[in-house]
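A quick write-up on the structure given underneath.
Think of it as A, B and C in the order they're written, each chain with its own count starting at 1.
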Amino acid sequence: MTRSRMNTTARQQRNTAWALTAPALILMCVILLIPVVIATYLSFTNYALGNPGYDMVGTQNYEKLLTRSSYARMFTATFTYVVVVVPLSVGLGLGAALLINSLTHLRDVYKTIYFLPVMATLIAMAIAWEFMLHPTIGVINRTLETGCGTLIESLWPWLAYHCQNGMPLWLGDKRYAIWVICFVGIWQGFGFNMVLYLAGLTSVHRELYHAAEIDGVRSGWERFRLVTWPALGPTTVFVITISCIRAFQVFDTIEAFYPIGAGPGKSAYVMMFAIYEKGVKQNLVGMGAAITVLFLLFVMMITLAQRWFVERRVHY
Amino acid sequence: MTRDLWKHLLLILGALVVIAPFYTMVSYSFKSPGEIDRGEGGFFGSQQMMIDSHCVTLRDPNRADIAQAADRFPGQDANSIRLALRAEAEADCAMRPIVFNYTQAFTQAPLLRYLMNGVIVTASIFLIQIIVALPAAYALAKLKFWGRDFVFSLVLFCLLIPVHAIALPLYIMLAKTGLTNSYAALVIPWTISVFGIFLMRQFFMTVPDDLVDAARMDGLSEFAIVWRVMLPTAVPALMAFAIFSIVAHWNDYFWPRVVVTGNRDLFTPPLGLREFKGGGDGSMFGPMMASATIIVTPLIVAFLIAQRRFIDGITLSGMK
Amino acid sequence: MANLHIDQIAKSFGQTQVLRGVSLHIEDGEFISLVGPSGCGKSTLLRIIAGLESQDSGDIQINNTSMAGTRAADRNLSMVFQSYALYPHLSVGENIAVPLRMRQLNTLQRLPLIGPLMPGARAARTAIQQAVTQAATTLEIDALLNRKPGQLSGGQRQRVALGRALVRDPAAFLLDEPLSNLDAKLRVQTRTEIAELHRRLGATFVYVTHDQVEAMTMSSRIAVMMSGEILQCGAPDVVYDDPDDIRVAEFIGSPKINILPATLQAQGQIHLLDTPLQLFTRKPHDSVQIGLRPEMIELAPAEAPAHDTRYAQLTGTLAHLENLGSELYAQIEVPGLPRRLILRAAPRQRSALHMGAPVALRFDTTQALIFDGVGKRVRHLLHAPDASWRQAS
């Protein structure tokens, strides 16, 4: 083969390659990269849709974000949600996976049931939860009421208090609202983590458990520490990352429970809700864009941390 | 088995909590407003005939109706004819709660239209994602060209950007181009799935180069190789991606909420359900839960039929 | 160091009976190979000895103590696994240290960070470190102590697995196909090393393999297993030269032994291809088979005495010739025999072998291995009719 022919085939291949990637590249730029740039730019303006012009306002939006109490509440709500939902949904996912994996019967049944919330339309399920949490006709308070006047009431001061003063308004009470939302988040997400952990568990080499036994490992806890947990390392890093990103993006539950106002005393005013409320509903695009930029920073930091973790601990 | 007893107890307890809202949803969709209110009737409700008051009010007889019906009730005065007509209306409007709830779900709001929108949007998103991602993934995995590493690192960078997070600038862009409140607005942001490109590229890396070379020897063009050689080999990965994509977009609530305002004809099922909730009073709990059941059912049924595929699909897309 | 008694071990998985009452007595310091085709139950037997699997019936005794109810962790056995089963997140040194850490440190002392601060932990840890270094030196892997298993070659991993086994002083070493994941060259080398290690340690080794060459070259005794039974157990040369069963004869030896169908005529005389041999059985059998190892058949010398009754004569044509350099394997088609005969010849005999040409063969009837119809070895052959035979028939 002559040199010129080599060049032609190489050039041809280059041209086809670019033709094949072009649609994806263009869309990536238009849909993902340019909006990031736009959001960054708009976050320094007081832009609003429909206004004839706009002004550069410098870091004013960011200053508001960091000083105003409503945004302080936004950060509190978001981080509370993330800090509660991530560890619990990962922990429950791992726990369920370990339990199910150790069983011989009914494994598939549990797996299927726990996975149902992952498939279900969250807004529909949020409405169902709302009914269950209804102060008067909800099944939860009805169940609690049956405990009134029994032994349970005398053993459980919380219940006794509510038997006297009426059952809690789960969604309307500032003390409970964010926790209820966290609970629904965990309910929805832990099945996903469980399935990832179950997949991780199947990749743990069985001979490792035998080796551990021969090496004198007697307790289940030691076995978990020596074999299972290290083997699940990559799964855990991934599960935590994806749970974090999903937790940051919580929106459906809150919108379903509180169409306006993000909960009693804005106790469930999470970032996605803030972006929607400020940027879309109230047309304060500059403010919404500033929250967007902050949000992107958080999510990117988490993912970069994950990649760093994955690259640091390469065994196999 | 006895050793596992406490494990089963624990798991069953968990399962009850997981199932509870599904149970409530389906159960409410069977019951009459009274039963929901009083919390009785078990799972199915007693299914006693109930009278749809709205339907009766609509048929409330006026003077013309009474005059018209006079020959059907000879020798009776207007008042008793009115009562008789009322009784007829009530008889016609009586139905079982389950029938009431499900017919209301479809008549109160154009639920069928919503479901169809859901199908159109979900299917278009998936198809366009494949058409865009597959050739790019093939080029990144199997072709050597100047700039490939750059393109791939761009893909890796874009994996960091969740589309929901940049909803606001996307919304502004669509508003500026006058595309909000259209199918296009519902579909466009999702046409590029960086994750799909990444997943397919990883899959194609495992396909032997010999297969591609053999296809080239057979005289296939690179475009033909993508669609006639790589696509069939990628079916398992595509299935996984399909499940991932369809579940995400059928259930998506945030983006449609941002981009569709007011125009009911474009509502996706979650939006429709939300609207139902916004407008409903207490008596509409049953129909609302009926709609919720109808919206949740397709994916759940598909999942129950092809559990393994779903779980594998979700985990495969999880294991990058 | 210990002896090991396997007594009437039976095991079924569902409907399949994997072990049918296997008994074996292993003396202190012996190197025993359990060899057999895959699915013969050898790995299951090893895992029952180790305590990783429970038997349905029968007993395992280590040092004359029954192991019933003793779990694997308490049996003081070391095992090398087929996949090596190294803990991927631990370095080589930590991997080798695991069996000692688990036995010599208590739960508190094993804890990370605060563990070393516990009373007595420092001395115990130093002792473990020394033992690890010593084991690593023995196996010449001391340079690798800080690497992770993922960074090692197959051969190195295999050594680490061995190191983890010999770092403590177990009652016996159990090895489950430890060489099967190595390439051919490394396998030969490691074979020697394991055999030498056994000689140096003088410990009891139980070695499971499907490769009869490994079993032949390393063991003091071989137990040939098939379909859940030990068919024969003996020194390698005994199993090779004097097999009890046709399946043993066929499994051991490469190329495979030639099996020739034969008939039994009057007075128990064996006939091969309707030619009587100077070979008589003492008892009547339905049919017999003659087993001839490739080296038992030789090219008939042209100047051979025509009527040496010790030798049986055969003629065939050369169908295929394999030249291994040091020796030749000739495949010869003999009319009337269902399969080609394989014989081993010296390279200098190359000139006498021509493809498609007739070949005259002979074998020594006194050496031939005779099996009955069901494959059991027929011993006590006579070279003249037995006087008692006539009375019996």
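Things to note:
Everything below uses one rule, namely that a contact is a pair of C-beta atoms (placed from the backbone, for glycine too) under 8 Å apart; a residue touches a chain by one contact, two chains touch by 3 or more.
Worth saying up front: this structure is predicted, and the values here are computed from it rather than measured.
Overall, the chain located most centrally, as judged by its C-alpha mean against the mean of all protein C-alpha atoms, is A.
When every chain is reduced to the mean of its CA atoms, the largest separation from chain B belongs to C.
With centres set at the average Cα position, the gap from chain A to chain C is 57 Å. Averaged C-alpha coordinates give centres for chain A and chain B that are 20 Å from one another. Chain centres here are Cα averages; for chain B and chain C they lie 63 Å apart. Residues 13-14, 16-18, 20-21, 23-25, 27-28, 31-36, 38-39, 42, 47, 49, 92, 96, 99-100, 102-106, 108, 110-125, 127-129, 131-132, 137, 139, 142, 187, 191-192, 195-196, 198-199, 238, 242, 245, 249, 251-252, 255-256, 259, 272, 275-276, 279-280, 285, 288-289, 292, 295-296, 299-300, 303-304 of chain A are the ones that touch chain B when the two sit in their complex.
Within the complex, the chain A residues that touch chain C are 205, 207-208, 210-219, 222, 226-227, 230-231, 233, 313-316. On the chain C side of its complex with chain A, the touching residues are 47, 50-52, 71-74, 77-79, 81-83, 85-90, 98-99, 102-103, 107, 110, 148-150, 164.
Those residues of chain B that touch chain A in the complex are listed here as 1, 4, 7-8, 10-11, 14-15, 17-22, 24-25, 28, 36-39, 131-133, 135-136, 138-140, 143-148, 151, 154-155, 158-173, 175, 188-189, 191-192, 194, 197, 222-223, 226, 247, 250-251, 253-254, 257-258, 269-270, 273-274, 277-278, 285, 288-289, 292, 295-296, 299-300, 303-304, 307, 310-311, 314-315, 318-320.
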